[in-house]
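Take a look at the following structure, please.
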């Protein structure tokens, strides 16, 4: 596992793409390579699994609303750090926050604030900087 | 897909087995066949997937606390009805309730009350009775 | 009790009819027969009771906001599966979610997400498919 | 409809009888006649309906936990004042509070505090005093 | 204390007058006399006290948002039934609901739903009908 | 209005006296004079009013649970700073927190944390130190 | 520490300046001197520390949304009274309310209502009046 | 900034040390060096600042209850990844969760579940593994 300085941003549906762009803007400003994917833990589980196992990124950022299982799904299939962004679709985003942050022991998701993809990117920058030795 | 009159009860960890027994007691009283499995969506995703695809049950009952992804995981890999039971491990069970009930469109989980596996069994009885034509 | 492949969608007031149509659209796509009724547990309890006892549907879908007693009312008067849809009229829909999902033991309501009639229909499709042996 | 100075206290299950006694103690101290019934809106709807229509009391007090439909059920079948007491069985009683207080327009329930049957009795005393012209 | 068939509707500020009119409309339809007052428990406590002690109404309806102390203030200074209407100014109205309904033992407020002055009026109609012997 | 360096601690019932002692201990350690009173805004409003208008203290500390109106009541009858301590009697203390902190404009209560009378005392020490010119 | 009759209003970002103006308007009406600063506990901690230690104001008012650490930061670096105003940016302001009011023992923040800078100013007026001996 | 493979665990008070040990146990099992410090953002801000600036660790884990400012304080003074663990002292830990996770843009805290220091350690292991190239 060598640090490539690359981040994957995954959203569960096309509706959430604008949030991914708010994250990628910050990665760009920090010269970090990234790719954006639309893959749902519930609608494309096989594609998502294949993508995760073949991916060479260092950090995953996953964003989802409602019963937001996407970040936890990724965290259970990789040993890389996974950052979760709860999105406010219902109940002010409390449902997605709790669905993402309250993970069982052994499968951590690094959760940031509701509708705050910028902080997911800033956190990824900190992790990548560390592994790059910058 | 013929109705076999059989239910699968899945819990994410051994800690939750007593809840599964409260459900199975009611299935027994209604002469419905069942099996109980301990399989975690986060720790044994592959085993869980295999179990689901090879299973011949009519209805799945899944119980979990915290970021409770187990019922939704099952619902995304089968076309059978899936019943979710939120368990109170933290926050009065509000985290697991929202993680289970707020599923995205197309992947429904039939959610019952917090720490109420009995109602999951009663709901399964209603569904099985319907398909058996009793 | 033979499976007729028919669903009843009940809303408590005319205001909620648009939600019933989002459910019926999905039933239509799956070639499932349905009927839509406006009957309130609080304003027309007798009519509602008569409708339930004379109905030959396999599954009831009931939608309501606020102190949402409609799904539980139906579940206490039929042995068929009852699916409840909490609607957001106040407090983000938390009041209707809790009024529907926290039913006492023995009277289960299969609850789906807030303002998510589509998932009620998808769940009904799964139950009907099972009893039809499709 | 003449004022008889009589109150009915209804609980949904035997488990809740101690709460009814805390209310009846205050009615006794105020020399108000009362009767206590165990009748569930979900398990004995017919018996409950019969009881309500044949009752000659002036005020109903109903107590319930979880998805607490009992007070609203009574309010939809009588024109007498109905007082609801939310009981804490789950979630600190927030579920029962919201199930009781957020009634639709036209079917009011006079709701008092969580686990506070004393205030239901005190409120009944105020209403009875008014109608008795004391 | 004889039943006059009269209701007082009190709001804490002019901003809340539209809510009082939704209540008074229903009282009018039921031929119940009423008066509307703007009196704040925090800004005009003396005027409010004087009004309450000199009033000959049978029932008080009080509406307030935020830390809604108005209904409880009235209930502590009269033996007549007091109905409280929580208004949504902040937090979906949860603050005013809890400020009104969770009264200490001995000082009951008959609480109705958030932003639901209609039900306050309907409840007043039930109480007045009882005391009038209609 | 000269600064006397004196604090009044008011609780609504004897049950809450232990909380007042946790505050007074800190005032003692800071050599600030205090008196403790048991006076309820709902049960002794007249006595409470008299006490407030005749009092020569600089700062009031008031503690209450449930629909906690005591601090706001005092703030509406004095121009001195009033500190409110929400006590957890129900719902984790969320009801008393919101009843105390969400005061209408013009009648401020300086609210501290749930079950944290120590911070009320520490805040009083800061205010008294300022007015004493220490 | 002599009373200068001066207040500092600090906001964490320029976005929150309109709230500071609602507070300063009330200070002006009460002829209390004030200054407004934009200083973030997270982005300018050093500047904020310097400002606090060199300041000669009597009372600090700090406003912030989300994880609102600004008021607590100031309270931990001064012995003057600190007033905190939670702003609603997310979750109705519940996040900022709890971040401000639930301070550990020894570091009190005098918290006022969500989006209620007016009450922060009114509270400051009360404290300044006391120390000025007005 | 080279990866040393070292983690710092900081708790705000001695009361929270048992939680730090649950995290350190997992770091030990993964052969990751660590140190544990008791330093409060509110009571020892200067010591905490000094510790952070002189530290050579790769990742900070910070745990706190109530208005939990510790993780955000650290995140605002280092460019290293900071992991926050909300502890349940009040309100089921909802106050600390929101105080930690809802950080403003630019100052991210990688938040894990309430009372779940194990997941903080597991997340640190993932980050360290990445930077070590294991």
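Letters A, B, C, D, E, F, G and H mark the chains in the order given here, with residues in each chain numbered from 1 onward.
What we mean here is this: contacts are C-beta pairs under 8 Å (C-beta built on N, C-alpha and C of every residue); 3 or more make two chains touch, one makes a residue touch a chain.
By chain, UniProt protein names: A, B, C, D, E, F, G, H = N5-carboxyaminoimidazole ribonucleotide mutase.
Being a predicted model, the structure only gives us computed values, none of them experimental.
Residue-number overlap of contact pairs with D-F passes half for only one option from D-E, B-D or E-F: B-D. Distance from the chain B centre to the chain G centre is 50 Å, each centre being the mean of its Cα atoms.
Centroids built from CA atoms put chain G at 36 Å from chain A. Within chain B, contacts with two or more other chains are made by residues 66-67, 90-92, 94, 101-103, 106-107, 113-114. Contacting chain pairs (ordered by label): A-B, A-C, A-G, A-H, B-C, B-D, B-H, C-D, C-E, D-E, D-F, E-F, E-G, F-G, F-H, G-H.
Residues 12-13, 40-43, 45, 66-67, 69, 72-73, 75-77, 90-91, 94-96, 98-104, 106-107 of chain H are the ones touching chain G in the complex. By the touch criterion given at the top, residues 66-67, 90-92 of chain E touch chain G in their complex. Of all residues in chain B, only 88, 92-94, 113-115 touch chain D in the complex they form. Of all residues in chain F, those touching chain G in their complex are 1-3, 58-59, 79-81, 83, 97, 101-103, 105-114, 116, 118-120, 122-123, 126-127, 129-131, 133-134.
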